[in-house]
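Across the two complexes that follow, chain A remains constant while its partner is chain B and subsequently chain C.
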Partner chain A sequence: MQLIETIEVGSGGAASIEFTSIPQDGVDLVLVFSCRTDNATVHLSTYVTFNSDTSANYDWLFLRGSGTSADSVSVSGDTKGWVGYIPGSSSTANTFGNTAVYISNYTSSAAKSFSSDNANETNAASVRMAIDASKWSGTDAISSIQLFGSSDNFVQYSTASLYKITAD
Partner chain B sequence: MATPTYTLIDSTVLGSSASSVTFSSITQDYRDLVLVMEYFANTSTADANVQLNSDTSQNYPYVVMTGTGSSAVSGQSTTYPALRTGFDSIADTTSKHNVIMQILDYSATDKHKPVLVRGGGAGTYNAAEAWAERWASTSAVTQIDIKTFTDAFAAGATFYLYGIEA
Partner chain C sequence: MPDTPVKVIVDLSKPKGQRESIVPLTAEEIAERDAMAIEAQAEQEAREAEEAAKVAAKESAIAKLTSLGLTEEEALALVG
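Right, the complex of A and B next:
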């Protein structure tokens, strides 16, 4: 597994984190991020799009635990793929939500499956953890990834790293 | 501490449908194994079951939690003849089942082998699953057989076996 790039959000925050010109010599991609939002929430959903595709080409579902119960939600034909929760300004200070996304066969000419596991634990009563399974119907090789929250900005010190797994 | 890396040990991409895939003579040079599968059913329902060292006995206890998109459920068994990874229930080449299986300390001869699996698929078939499993054997893992007990894997299914360095 080789690091392609790490992006850290600077002062002032950022609405999104984008990886572009992704090398096409790997088998799979792994996106790992540790982020927080300035939105006044404790659990903000994060999403990805591939190749800037914002058409209704994403299906996803997650299994979610809150510390007291579990449930599952699915969405078909979304314009983005869900990948996890991050804390916001109403959460414990200095806490970040952490997610690893695994994208299989990202250069194939078929639809892409991807999955993630996520933890949004903030030393508070309201917590989340989740796993998800997703599909992007796009048939182009993935050359860029956009990561963003459902509203507002990632705060400073949020980080995202993109790795490739090769057949070497 | 060295950075854990994925090193490809072996791979198979199916050119035609098949009910099993085997990785044999697995090198003992790594700490853990990671098996990454992406597959879809050939005609109706394909389940990927993983047997180690040709052990077909009921030596693979598991606990699983599953999200279906509308409910969350959990189950377990102490008597299953393979490591489970879930189903792809519909022959639909756009709705693949994706599985990442970690086999920890696979070359150890003094412990049973813990196995962690995350898998699922979205679209026609909906499931997000996590499995905690165990191969009740102290033998080092030298062979992996991936089998469908029903149907078959369709052409285009991919199977990659990686070694994780200590």
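Right, the complex of A and C next:
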């Protein structure tokens, strides 16, 4: 697995992080991020879109646990793919949520499946973990990925790293 | 935080060290984002309510079972 690029959000925060012109010489991609939002919540959902596609081409299903209960959520025909929770300003200060998104066969001309595992350990009673199975119906090779929260901004020191897995 | 939200764009076709740019969101992107935030908030509240209802139903079931004479451990074994 080869690191393509890693980004750290600066002091002004950022609404989204977008990797463009993704090299097409890999087999799979892995997007790893450690983020926190300034939204006044404890757990905020994060999403990805591919190739700037915001049509209803994303299906996703996640299984989550909160420490006291577990359930699952399924959405079809969404305009974005769910990938994980991150802590907000109502959670313990300086805690960040970790997520790894695995995108298989990103250059194929078929629909792309992707999955994620997420830990939103807030160092408090309210925690979340989740695993997610998703599909993007797009048939073009993935050349860009945008990562964003459902509202507000990623705070300073949030990071996102994109890796590629090659056949070598 | 700045008044106008920004996005970080990482252009991987450029050499390392020159890839990152900070771009203010357009009015259209801000409107889209606001709409998504409202939708996401509603979805999140619905999910939280559903989760809270499940927890409340479980607690209620345990309370009723224990009032019938079961121990809490026995009630938990039934409720799961």
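Methods note: the second predicted complex is superposed on the first by the 168 of 168 C-alpha atoms of A that agree within 3 Å, B and C clash if a C-alpha of one lies under 4 Å from a C-alpha of the other, contacts with A are read in each partner's own complex, and residues count from 1 in each chain.
Basically, a contact is a pair of C-beta atoms (placed from the backbone, for glycine too) under 8 Å apart; a residue touches a chain by one contact, two chains touch by 3 or more.
Everything numeric in this text was worked out from a predicted model, so none of it was measured.
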Touching partner for A:D53 - first (chain B), second (chain C), both, neither: neither
Contacts of A:A15 with chain B and chain C, given as first, second, both or neither: second
Which of chain B and chain C A:E5 touches, first, second, both or neither: second
First, second, both or neither for A:A111, with chain B first and chain C second: first
Partner chain(s) touched by A:S151 [first = chain B, second = chain C, both, neither]: second
Touched partner set for A:P23, first chain B, second chain C, both or neither: second
Chain B versus chain C as contact partner of A:T68, first or second or both or neither: second
On chain A, positions contacted by chain B and by chain C: 71, 73
For the chain A and chain C complex, residues of the former touching the latter: 4-5, 7, 9-10, 12-23, 38, 41, 45, 54, 66, 68-69, 71, 73, 80, 146, 148, 150-153, 162
Complex contacts: residues of chain C adjacent to chain A: 1-2, 5-14, 16, 19-20, 22, 25, 32-33, 36-37, 40-41, 44, 47, 50-51, 54-55, 58
Complex interface listing, chain A residues touching chain B: 1-2, 27-28, 59-64, 70-74, 76, 102, 104-105, 110-111, 113-115, 117, 131-135, 137, 165-168
Residues of chain B that touch chain A when the two form their complex: 4-8, 11, 36, 38, 65-72, 93-98, 100, 118-123, 126-130, 156, 158, 160, 162
